[in-house]
Structure formats: C-alpha cells, structure tokens
Amino acid sequence: MPLLIKNGRIITADDDYKADIYCADETITRIEKSIDAKRLPKSTEVINAAGKYVLPGFIDPHVHIYLPFMGTFSADDYESASKAALAGGTTTLIEMICPGPKDDPWEAYQLWRQQAKKKAAVDYTYHMSVVRFEPKVRDQFKKIVKDGVASFKVFLAYKGALDLSDADLYAMMTMAKQQGAIVTAHCENAEAVDAMQKQLLAAGKTGPEWHEPSRPMAVEAAGVNHLCTFAQLTGAHVYTVHTSCAPAVMQALDARMRGVNVWIESVVPHLILDKTYAERKDFEGAKWVMSPPLRDKRHQDTLWSGLRSRIISTVGTDHAPFTPKQKEMGRDAFTKIPNGIPSIEERVDLLHTYGVAQGRLSLNAFVDAGSTAAAKIFGLYPKKGTIKIGSDADLVVYDPKAKGTFTAGYSKAGYSGYDGMEKIGRASAVTVRGQVQAKNGKFVGTIGRGQFLRRDATHG
Amino acid sequence: MPLLIKNGRIITADDDYKADIYCADETITRIEKSIDAKRLPKSTEVINAAGKYVLPGFIDPHVHIYLPFMGTFSADDYESASKAALAGGTTTLIEMICPGPKDDPWEAYQLWRQQAKKKAAVDYTYHMSVVRFEPKVRDQFKKIVKDGVASFKVFLAYKGALDLSDADLYAMMTMAKQQGAIVTAHCENAEAVDAMQKQLLAAGKTGPEWHEPSRPMAVEAAGVNHLCTFAQLTGAHVYTVHTSCAPAVMQALDARMRGVNVWIESVVPHLILDKTYAERKDFEGAKWVMSPPLRDKRHQDTLWSGLRSRIISTVGTDHAPFTPKQKEMGRDAFTKIPNGIPSIEERVDLLHTYGVAQGRLSLNAFVDAGSTAAAKIFGLYPKKGTIKIGSDADLVVYDPKAKGTFTAGYSKAGYSGYDGMEKIGRASAVTVRGQVQAKNGKFVGTIGRGQFLRRDATHG
Amino acid sequence: MPLLIKNGRIITADDDYKADIYCADETITRIEKSIDAKRLPKSTEVINAAGKYVLPGFIDPHVHIYLPFMGTFSADDYESASKAALAGGTTTLIEMICPGPKDDPWEAYQLWRQQAKKKAAVDYTYHMSVVRFEPKVRDQFKKIVKDGVASFKVFLAYKGALDLSDADLYAMMTMAKQQGAIVTAHCENAEAVDAMQKQLLAAGKTGPEWHEPSRPMAVEAAGVNHLCTFAQLTGAHVYTVHTSCAPAVMQALDARMRGVNVWIESVVPHLILDKTYAERKDFEGAKWVMSPPLRDKRHQDTLWSGLRSRIISTVGTDHAPFTPKQKEMGRDAFTKIPNGIPSIEERVDLLHTYGVAQGRLSLNAFVDAGSTAAAKIFGLYPKKGTIKIGSDADLVVYDPKAKGTFTAGYSKAGYSGYDGMEKIGRASAVTVRGQVQAKNGKFVGTIGRGQFLRRDATHG
Amino acid sequence: MPLLIKNGRIITADDDYKADIYCADETITRIEKSIDAKRLPKSTEVINAAGKYVLPGFIDPHVHIYLPFMGTFSADDYESASKAALAGGTTTLIEMICPGPKDDPWEAYQLWRQQAKKKAAVDYTYHMSVVRFEPKVRDQFKKIVKDGVASFKVFLAYKGALDLSDADLYAMMTMAKQQGAIVTAHCENAEAVDAMQKQLLAAGKTGPEWHEPSRPMAVEAAGVNHLCTFAQLTGAHVYTVHTSCAPAVMQALDARMRGVNVWIESVVPHLILDKTYAERKDFEGAKWVMSPPLRDKRHQDTLWSGLRSRIISTVGTDHAPFTPKQKEMGRDAFTKIPNGIPSIEERVDLLHTYGVAQGRLSLNAFVDAGSTAAAKIFGLYPKKGTIKIGSDADLVVYDPKAKGTFTAGYSKAGYSGYDGMEKIGRASAVTVRGQVQAKNGKFVGTIGRGQFLRRDATHG
C-alpha cells in the first residue's frame, strides 16, 4: 500500500526542512515540497504530520531478545520485542548472538536466525559473538560474515565463560581486519571482577547494591584501553558497547588521537539512571542490575556532552528483559541476578525527553545518535538511518508535544526501569518499509513482516 | 543555462552512489539514476562524469584576500583569488575582515564588502574580526550579524594590535552567545610571543628559522585553553582556526568533554608541510612563514587522525598571499615577514593526494572536511556543502586518476609552497550555481558572478 | 637554656627512630640513643617524650597577618598569630606582603617587616607580592631578594587591583629566573571572575553561596595553565598556591611532564571542608568564603592522593583572619566579603586527624607536607624543616593519642571554621630555637622572640 | 679498620654540606665539621675528599647476575658483577630471582642465594619473581617474605613462560598487600608481543631492528594500565620496572592521581640510548636489544623531567650481561637474542655525565634517583641510601671533575653499550660497610665480603 506523509518537518542527522514524502514498494520514492494526494493511487494511505517531526526509523544497535542465562531465558521473544520496539519508534534491531563457549558458532548463528523467523515485525540483524576462536572454528566466522553479518562481539568480561585469551583476541581481531568486519566489545576485566565478586560474597555482601562495587570504573576503563591497544596493533575497527563513565570514554578518546579506529556506544540506562537505583532496598535494586553497572550521576554529563559533540556515536539499550521473578535467582548472591534493564520501548522517548527537551541534544544529534550513526557504522546506511529517495520507508512521525509518563509496555519483562518518570514526545506513527506498524504507542502492524538485513563488510 | 552531469559517482559527507544530476535556475533540481538528456531543454550543457566523482563545491572557511599588512597589501584581489579557488575546486570562500584597532567596524565591513563586488567569481561570505569592543561600537557588530555575517573572529595573538582584553573578550563572547554567532579564534598568547620575539631579535636571531621558536606549541595550547575556558563560562560556541599541533588539539578535546561547544579547524599547510621548510637557507624559508608556524612533522599524524575520526571538523588554508618580494620586508627581522602560505588553489588536491590516496581519509571524510562541515558550522548548509535537491548547483566533477605536480597557479603571490610535490587528482569541471567556472585547472567562467552569502545566526 | 627531649620517637620526612635530642645555643647539637641528663648543665630543661612523636617545627608557607582589605584590616597581629601558630605546632610562618598597585614595593616591604618586630614569637619570612612591574620599580625587587626574601607572589586574579599584564608577567618571571627566586602564584583568571560576578550580582545573586559559582574550577585550571606556560617559556620556577581541585592539579602535572619546574601547594580548608559550608543559610556561609573557593567534596580525594604520593608538595593555610563582623561588609554582595578562613592553629592537628589517623598519609608524608617540603622549596632547609645536628631547635613533641574537638583559639578572627569537628592528636610542647613557646595548646613563651629569616635565592 | 673521610662535600637526597665522616664497626659513627685524625685509632684509614663529593653508596634496584636463558646463562657471576658495580660506585644490588614456571619457588630462592655466597663483594638482596601462583605454592612466597625478601616481581610479558593469569595476578597482589610486600612488574602485554613477533618473523623480518616494532609503546602503556588497575582493586603497592616512554609514564601518573600507590623506575639505557642503536647494521644492533626496547630519542626528555621532579623515583640498569657471541643465538630471529645491555658499571657515571653535568638533575636528585629512593621503597633505608650516624658506611668519594670515556669494564659481557661516549666524573673511593672496595675505577677489595640484606615488609 503506498504511503504519503504530508506537512511534516523532516529531520535527519544533518537536515531539517518541511516536505511531503511518498513511499511506494517499501521505499521512499518522492520527497517534495508538496505532493498532491489526489494524483496518487487511491489506495495510498495518507498521514498528516502537521506540527510533527518526520524522522528516520530508529535503530537500536544493541539488544538481547533470545538470551539463555544460567538455565533460564530472557523473557522476550521476537514478537514482544518487535511490538515494544515499534511502539517506541524503533524499526531496526541489532541483536547479539550469544552462544556458549562449547557451542558451534555456525549452529548458534542458525539458532538465532531461527528465533526471528515469522515473528519479527521490525527489520533486524546481528552481531556475532566470538566466545571461542580455536583454529578449527575460524572459517565458520568468515562464513557468517559472508552470510551478511559483518560485525563481531567480544567479551572482555565474564571469566571462564565468554572471554577469549589475549592470543585468541589478537588472532580474532586480525581476522576481523582482513574480513572488513567491525569488532564490538564489552570491556571489563573478567578476572578482576570475578575475584572481587568472590571477596564480596565471602564477606556477606550479597545484595544488588554490591554489584557496582564489584565492577568499578577502573575495570571498565582498563578494558577499553585493552581493546584499543589490540585495535592499534591489528588495525581492526572497534566499537565499545555500553560505555558508562568518563574514564572509559577518555581511554577511547586517547586511543582515537593515536589513530585507533574506535567508535563509542552509550546506552540509555547510563544516560538517565544512576547507581542509587540499584541500591534500592529489599532487593528492589535488582531491577537495575546491568553490566557495566549504573554509575554515579555525574557521569551522565560526560555522556551527554559526548553525544552532543558526536564524540560518542550511538545510543543503544542493551535491552535484556528478565522479569522481577527471574531476578529473584540472585536473591542470595547478586552475581546470579540476570543482568539487564528493559529499555527497548522507552529509548527514543527518553532521548527526546531528557536530551532534546532539556537542551542537551539538537534534533539532528538526536536522530544521529538514535539512528543514523548506527546505520553508518554497521553497514545499513543509506538503506536505513536516513530519509532519502531510495531508502527504506522506515519512518517515524513524532509528536514532540505529547506528554505522559513512562510505564511498563510490551516487553515481557513486566516492568519499566523508568516507571513514573516524565515523558515528553511520542511516536504518532511508525512505518517499516512503508507499512504502518505502530500508532500512538500501540502496535498495529503485522507480526512476521520483519526481514533479516544482510550487511556487507565495510571496515577494511 | 541548464546543466546535466551524467554517469558520475556522487560523493557527499555521508553518501556514495551513482546518479545523474540536473540543475536549473542555479540549483539542483533532479537527482536520478538516469536522466535522459534528450528530454531536457536543448540548451542544456551536458558533462559526462563517467569514471569521475561528483562532489559538492568545496568551501574554504579561512582565507585572506584583501589584507593590509604594515603598509603593504596582500597580493591577491577577488579576481585572482576566485580564479585560483575555482581552478582548485573551491566554490565558496569565507574571508576574514581584518580592520585595525582604530577602524570603525561597520566601515571596515563595508570596505571589505566593496572589494568583492563585481570581482568575485565564487560565492563568498566573511568572518568579522573583533579587534576593539568598547561599548560604543558593540551595536555595530549586532548590525553586521543582522546583515548576514553571523561569525566573528578574535585574535588572542598580535599584542597591542589586534588582541582584546580579557574583559572585552568576555563581553564579546557573551554578546556572541546572545546573537547566536560563533566565535572563531586565532589562539596564541600575544604577550608571550612578543616578549620572546624581542629576546630573539636582541640575540641576533633574525632569520625565518626563528619564527617557530618564537611561537612554540605551549603558546598555542595555552591560547586554546584560554578560549575554551571563556566559552565554558559564557556558553559561546567557538572554533579554533589553524590548529597546528597535538597539544592544541588535546586542549580543545578536553574542553569538549567538559561540555564546551568547540570545533577545530586545521589548515592544509600544517597537514602537509613541516618546520624544516621555514628553516631553508638564504631567507628562502620566509615563503613558509605563517602563524601558528609549521611544526615538527610528527604532529601531522595527529591532524590526519583527527580528521579521519571527525574530531577535527574542517580544513581551510589561511591563504594569505604575499610575494617573495613582499616577504623581503622581514629580511632583517623575521617578525616583519608578511605571514602566509598561498594554498587556495592547492588545498583540495593536497587533501586528495595526501589524504585519500594515501588511505588516511575516506572519500566521505574528504568531502566533509573540505566542504560539508564548514557549511554546517557556518550556516551555509544545505544551500552549500552538499548535493541535494534544492541545494545550489555548486559541483565539482573530480578525476581521481589525474596525475601531475603542484606548481604556482593563479594567485598573485607568484609561488607555490608545494612546488614540485606529486599531485593525484584534479577537478575536471567546477560549477557555481549551475554555471561551469573552471575546467581542468583553468578558469573558464565569469568574473563578477560570485554572490555574497547572507548567513543567519545558528549558534544560539 | 639548654633543652633535652628524651624517649621520643623522632619522625622526619624520611626517618622514624627513637633517640634523645639535646639542644644548646638554639640549635640541635646532639641526637643519640640515650643522653644522660645528669651529665648535662643543671639548667637543662628536660621533656619526657615517651609515647610521643618528636617532629620538626611545622612551617606554614602561606599566611596573611597584616592585610589591608577595602578599608579594613585583617583581625590578627603578629602577637595573636604567633600564639595561634605555636599552640598548633607551627614554628615558622611565611607571610604574604600585599601592597596595593600604587604602593612603592620597597616601602611596602619595610612596612610589613615593621609589623613583626618585637611582636613575633615564631620565626618568619615573606613572599613579596608583585602587583606592579613597570621598569622603574624593578630594581626594588632585586634589592628585596638581596635582603633575603627570595620568593615572589603574583596574582592572576583580582582584576585591575593586583594582577599584572602578561607582558609584565613575562618580564617579572624572566627577572625571577635570573635572580633565582621562585614565583608563587594565585591562579584564577581575573577578568572572567570579574565579569561573572557582575552578572551574578546584577541577577540578584548576592549571597555567599554564589561565591563558588563566580570562580568555577575552569577559571583556576586556566590560571594554572597560564602560569605554567609562562614558566615553560621563561624557565622560572613556579609554585601554585592553594590549589583546590583536580583540574588545576592536572594542569600542573601535565606541565611538569613537559619539563616545567612547578610545585603544588594545597591548603587545609580545601582538604577538609567543601562548598556546602559556604552555602549555609542566613549569611553564615560567609565564614567559609575564600578564593579559590571551597569545592565539591570529591576533590578532596585528589588532594590527599597528591599529598600521599608527594605530587602535591605542601599544605599551607592561606590564613586570612576576618571576624564575622567584618564578614558583614559583604552582606549585600558576596564580592565584598573579606576572604579567608582562619586555620593557622588548626592546620597540623587537622592533617593528623584527617590524614594520618585515617590512613591517608604516612607519618613521614605528614611531616614533609607540613614542614620539610616548604623548607626545601623556600630555602629554609636544613635550618628549618628537619631534625639534624646543626638545625634550629624548632621541635614539636606531639601526642598522637590526645583527643578533643576543634574550637576557636588565639586568632582574633574569633571563630573556627572547623568548630566541633573531632580532633586526634595535639602538640604537647613546641620549641622555637630551643625555647619552649607552647605547651598542650597554650602559649607559654616570649613575645618578640621570633626572628626574620633571611633566605638566599636557590632556584637558579 | 676504622675509616675517616675528611674535607668532603657530603651530598644526600636532601642535604649538601661539608663535614668529616668517621666510620667504625662498619657504620657511620660520627659526622662533624672537623674530626682530628690524630685523636683516632692509629689504624684509621684516612681519605682526603677535598674537592670531591661524599655520596651514599649507590643502589641498583634492578640487575640480573645469574640468569638462565634458553639453555645458556648470562655471562656474569657475583664476582665479576661485584667488581663492575663497585668500580662504578654501586655498593648494593637487588637481583631478580627468575625461576622457570615449573621450578619450586623456595628451591629457586635457595639456588639464587647460593650463587652469591662467598662471591659477592657488594651487599645484595632480591626481588622474588612470581611465575606461578597455584594455591599449593603460595605459602612458599610467604616464607620467602619472612626470610627477608619483601618484594615480588611479576611479568606481564613473556607469554606462556613467565606471565601469570589475571586470576593468579589478582590473588598474588592480594597476598602481597596482606604481606606488606611491594610488587615490581615488567609491563608489556605478552600475547600481543608474541603475535606480532610471529607476524614479523613470518614476513622475513628477523633482524634486531625489528625488536622495537614487535614491542611498541602501546603494549607497554597497556601493561602499566593493567598493573595499576589491579593495584587499585587490591590495594597492593606496585613499582613499574624499566619504564621506557611517555605513554607508560602517563598511565602510572594517572593512576597515582586516582590513589594508586605506584612508583616508577627508569633504567639508564632508556635515558641515554635510543632505538637507532638497535638498528645498527650487520647484527651489531643485537648488543642493544633489551625489553622494553630502546625508544625514539624524544622520550628521553620525559624520563629526565620525571626524575628531576621525582615523579620517576629510581634509575636502575636491568643489567643482563650476554656476550656478543651469546647474542648470536638470535642471528636468525631477533626473538632469540638474549635481552640485555650491561650497564652496572656505567650507571652512576652516566647519570652524572648526562644528568648532573648537563643541568638536567640536581646533585640531590642524582643521589635520590641512584640510591636513596630505592633504599626507601625497598626497605633498606636508613641502613642504606643515606649518610647518617648509624647507617652502614657505604660511601662513595666522587670526583666530579674526572674526565674520560666509557669503555668495557669488569662485566664478562665483554662490551660496553656506551663505548666511546664522553664521561665526566668518577668514583675515587668506594666503601662497603667501612672497607674500601674500589679506587679510581679499580676493584681493590675483598671478594666474599658482601652480605645478604634481610628486608622487612613495609608496604602494608
């Protein structure tokens, strides 16, 4: 069904102008001052965007949907995650494929691909985690790149479970450079965290308020330095996921000035929340346990400054949906609390409310951080991440004047980490390749419409 | 006359695709996969860009054309400067208006405007230097902003001549913030330079090789810190011109992480040349005297890294054309050597040869640094700096395979600072608002065609 | 009268051992495992220091006693200041000579010298402020150095009153280098502070809580950078007084790594107090107004870390005693509040209580920071600042187990900024050149005993 | 035999004065303006130090004497090493005990102790390398600390041979903190170096000029960051051995400002030599292969600045004596070149010639860097490292006016890395506990006189 969006104010990472947009065959085919609806096919759906922004569909570069964790699984599936994403204005997800260290990489890749089929209502792609890299499995990763997943994820955290040896890390980054695939990384020193956690637990410090002290900023900054050193040596392009604090950002920035090709991701919990949430009494704090942990409030200024000046490229969520009941697994030991704060639905509105509306982010920077930069870094641009002729008709008609309150939404996690906080702005209509999938915060689309996005290697 | 550019590879700061471009009435009106020339007006000029890039016209954000200096004047006028710019692919110039401290600002503004009339073949605008700021002249600056010149220039260098007191600097930056005008700044501590120059001359150190030691990096880094501190306090947006070395860049970067809105300009001499040029014997070095001076070669890596990661936004020239004969004024004292290295014609090809062709810059980064970023920062975008429907048809058809050697061109300075260096790439055709003004390095256009560009304040 | 201190634990900046000390003719003449009192002159006074430390007399490198301020004078004179110093374990003071910009330097020097005569009970010397430096007065400063005052003070703060132009600063530091005199400096940008203060007052923000916002950290860090840049250029040795926060310390440290000879002073208010004191209601905060202002609490960690690792050399007070009544001068405008927090009596016990007793400082570092480092930097060592044969018998028998509470003491300021805070440790006996001047916090000595200390230039 | 040193200028880390020194029973018993030789025992040896300095015996905190390497052994034994040390003014050595990963720590300790017995002519102690740390061997390390060796050495370099896992590193540093022992560390990332070396060799880059590129500065800086992170987390006190370049120093300094207790060691090759030595043709460069490698010359300024301001605490040698013939082992692969530049005899004179005589170091800083600081950090002070009553009579009468040339000395390595360089200054007489062991560069003492120095833990 053709689509016409009229009278909107189009905002991209660079531009800000008024025009009408016409979409046919899933892509944007016309952008003109004024398009006369009468001359269009009768089947054309018309949305009046007067007084509203028209934005590129938002992209969340860092989510978990299917996620095994200590015998349980994260609460969402592609259906609930898609609804949450679309309700909040996000039209593309990049999910982490997270096999265990004994799993066969190619099989894991197939397993994750399987989860999305017929269930996704957003378009999607993956970062392929590398949690083993002995010679016999290396070709599987090349095959995955060729299959269209041109980005890896490594964990410098999670001792004995997911982390690579430095020798394997070097080999893996060398391969990534050769393949032109970017390496995203969770940067925390695994052994240090493990040792501190054992000490804390042995001392009877078992509550969620001890999660942050067990993963202090020094551990994260050291991880970023470590990653960037290996990037400097191998030439690989790297991307630090969920960078949470000033010392970690500074390490990446220092590396950039030495010539390292490093991009920085923040995630919305670190921009909005602080560690006092995880310190809430009676195990309530468990809802806000994620890694790297929520930090002292003053680091939020660094993150917003970084986004405004585009030193920090992207804002993801690290959406990892576990119910309060699942969080109970860690009642006796914070180390067993499933990590994650569901944010997939809230992200765009949080950025608008606490970024744009408070004068911390320009509208262009908002779009760049929430959509365009991720598209460029991960090889989705200009199909995704912008409003151009030929681009996919993933569009968000956004009402900047809507007012409300954050509350739990579609995620099966069953709670919102931002519950009760003020909300300014809302997606009035959200399209995926030209079809309206959400309206005014409600999913109105088609489950199964989402497509896998093949991405070519672009970081050679 | 309508214009059609066919078969080119269009490259902007973000995009890279093949399409045809049609321009009418001075702007770009169509961008399509294939535009049939036969259906266009017969008068349409057709350029075949097969095998070539089509780039937005380049913008030089930092040039001097009319420049009084110790009783003489810089060698170029708008005619020679326009020819040089266009031959090299530059279609817009931003000139510094440089009155003396006793001149009336509004009169100076009129004087500079007068120089360009009927002589410019490129479009142009200005940065308005503020070399006095007592209360009675302040309204003149507001009037100039309203007249369309929404950027200022301050000198923290040039003691007793051009520098403001800190009290006036604070007042001036407060006004700039209120007016939404950005403040560009030459950052060197005037008094320190003055004192060191006197010491050097008194010690008989009078040759051009003493120019750099009289303006060491510490003086520039301190200037950047000073500017950024005042920007932090007043909220003004600032831009450090011709940033030459790692310590200066780091000061700006530190400030950015504190929330300061600062952009960094490099200029092409600092990217390509080093201080050994100014140390050439028999006063030959005078040709390479500029301020801040050419530095040790290793700082070039910092500047290229900064451009690649877009931490450094722009590349200008600080084109200031003085003939070798004029340079003779400083034969007895390097402090009297007219400062400047003519680069207006060479800039784009230098960036392509030593940036793109050597793998230091992507094509997108090349366009951003040479054109788009300046357009955005200075309120010219999207009229200038990109290739979009509705943008001015300032276009460069660029042949990346052309090979040659740098040599003196249109500038009346009469020499090239890059003489004999290898050149890869050349503008095959250069248009200003749809009219071809240069072909294959030769001016073929119309003197007087250039227009003054009114710019609104955008840095509120 | 000879003096024997028996059974004490002698602690210097380097050493820690048990021995007896015998003093005759004002100096230490014997340090031995055990000195038999029976073999000494009968007149020998014997102090049993069993269970106590014996420390070098403490030195306060930064005090104001005679201080004209907007028509009033600071509350102390040499008699009250001496008593306060001695009661707290301090045996040497370095006072700032603070003439006005129209005063004759030599006359000011004589005036300040006059204040101490017959009134001082501690030994003392001066830093000579340079608030004007036109050629005709320069020889006066050389004469003052030759007279034994080999250190200068400059203000980068206090616009139009005490600050030098950069040209004069450069000339002054060049002279200091030639004379071998060190330059101490108050580092805040005067014009920026002045402009912000006018804005705040104009906005009706007149209370003491606005003092800190009018002198933010950026202003101090910029001042330190400025000083260090001039030190780098002239070769002068410099010393940043009352360094209050991490950004300022980092600027000095960066400079040191570039080869700048810079020492860092902290003062005890910044180590112990924070800006919430100055925010106390009903003008109570005025008691805690000093410049640079009290900062956010987290900067205390930086200062203690710096002292522990001896990156920060000294701890002074910036004692500037004004009564609560005098503070009333600024009731209508915080800019008129006389600056200063009286701390001369509390300093040593504060360092012991909040440094040593809390494990932040070793005993050696405590002595170094409170005494030895200042002696070395300012040419008093080894006459002062250590316990050696031949050194002046300025000794403190210190009881580390004494417990109490801070309260107002001898200073005529009439209040303590630390009132009611816990105190651990106290000087049991304090000697100046072999004579006991204080016991258990009470002055028991002779007014007028204090001597002027001639110091030779040592920073060539 | 009693000893009297007359008329000398005594210089310690803090002091500089003229006095006579009398030594009996191996220690300093009198320091007086003038001691009358006639009143001393007739057996007293008298040295006239007029016109010379009297310095504390120098301490080399980082040497290898007995060192197995790939089937061979370093060339020196305690006899040759003692002679070299004493000839150059060094009276105490701290040797690294370097067992293999399968060796029993306590047995290795005994083996190393055995080497020195009856052969040492200097006093000596050890750093105990920890190259395995599984639970069953941990008590052995505690036993070694109790036996008087209160410092450890860890290697973050040498993959699969000497490096610990991060888990063991954390456990080991936790134990060190509990035991009050300091952890010295070789900071380079083992895996990264290993991978790069394989790549270089595979590319046919086998000569000694490829040694530096295989261990770039980033690898060392990352190692320092890693060590300091673990120190921050465990509270252990750490010491970075042979810190070679500005990035590594800056990482330690940043850590210090975060509260990490870290000391920095430089070694004399990095202060004097640069990487061009290792690039000498025809395998000549092999003589200058050590790790971390010799760097670009500009890093020397950083190291000297650090020493002058005492940010860098000590200067050792990393003396590791291999003959040119032994170096041939690496003719086909630089990775097999035995690492080390013999410097034990040259160190003090190099510091004097290129530090003191060139104005880079004060005499006090020279003594501190070469002797006192090491004594303090490693628990030898005040027995060693200073000139005080009660201290060991380890003294150097130093003639600052002696002129000569560096050349091969007592080391069995058979060459000097400084051959032919200018030398200013020489030890005229060197005593160990009161007995003259060297005169004018010649060993004249008693082999076997050297004693093992028991050191208590002091870093709790």
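Worth pointing out:
Chains: A, B, C and D, in written order; residue numbering restarts at 1 for each.
Note that in this section a contact is a pair of C-beta atoms (placed from the backbone, for glycine too) under 8 Å apart; a residue touches a chain by one contact, two chains touch by 3 or more.
On a predicted model such as this, the values are computed, not experimentally measured, just so you know.
Centroid to centroid, with C-alpha atoms defining each point, chain B and chain D lie 54 Å apart.
With centres defined as mean CA coordinates, chain B is found 38 Å away from chain A. In chain D, the residues touching two or more other chains are 258. Chain-to-chain contact here is organised cyclically: the chains close a single ring, every chain touching exactly two others. Of all possible chain pairs, those that touch are A-B, A-D, B-C, C-D. Chain A contributes residues 13-15, 17, 31, 246, 249-250, 253, 256-259, 261, 301-302, 305-306, 308-311, 376, 381-382, 386, 388-389 to its touches with chain B in the complex.
Across the complex, chain C meets chain B through its residues 159, 165-167, 169-171, 174, 189-192, 194-196, 216, 218-219, 221-222, 225-226, 229-230, 232-233, 258.
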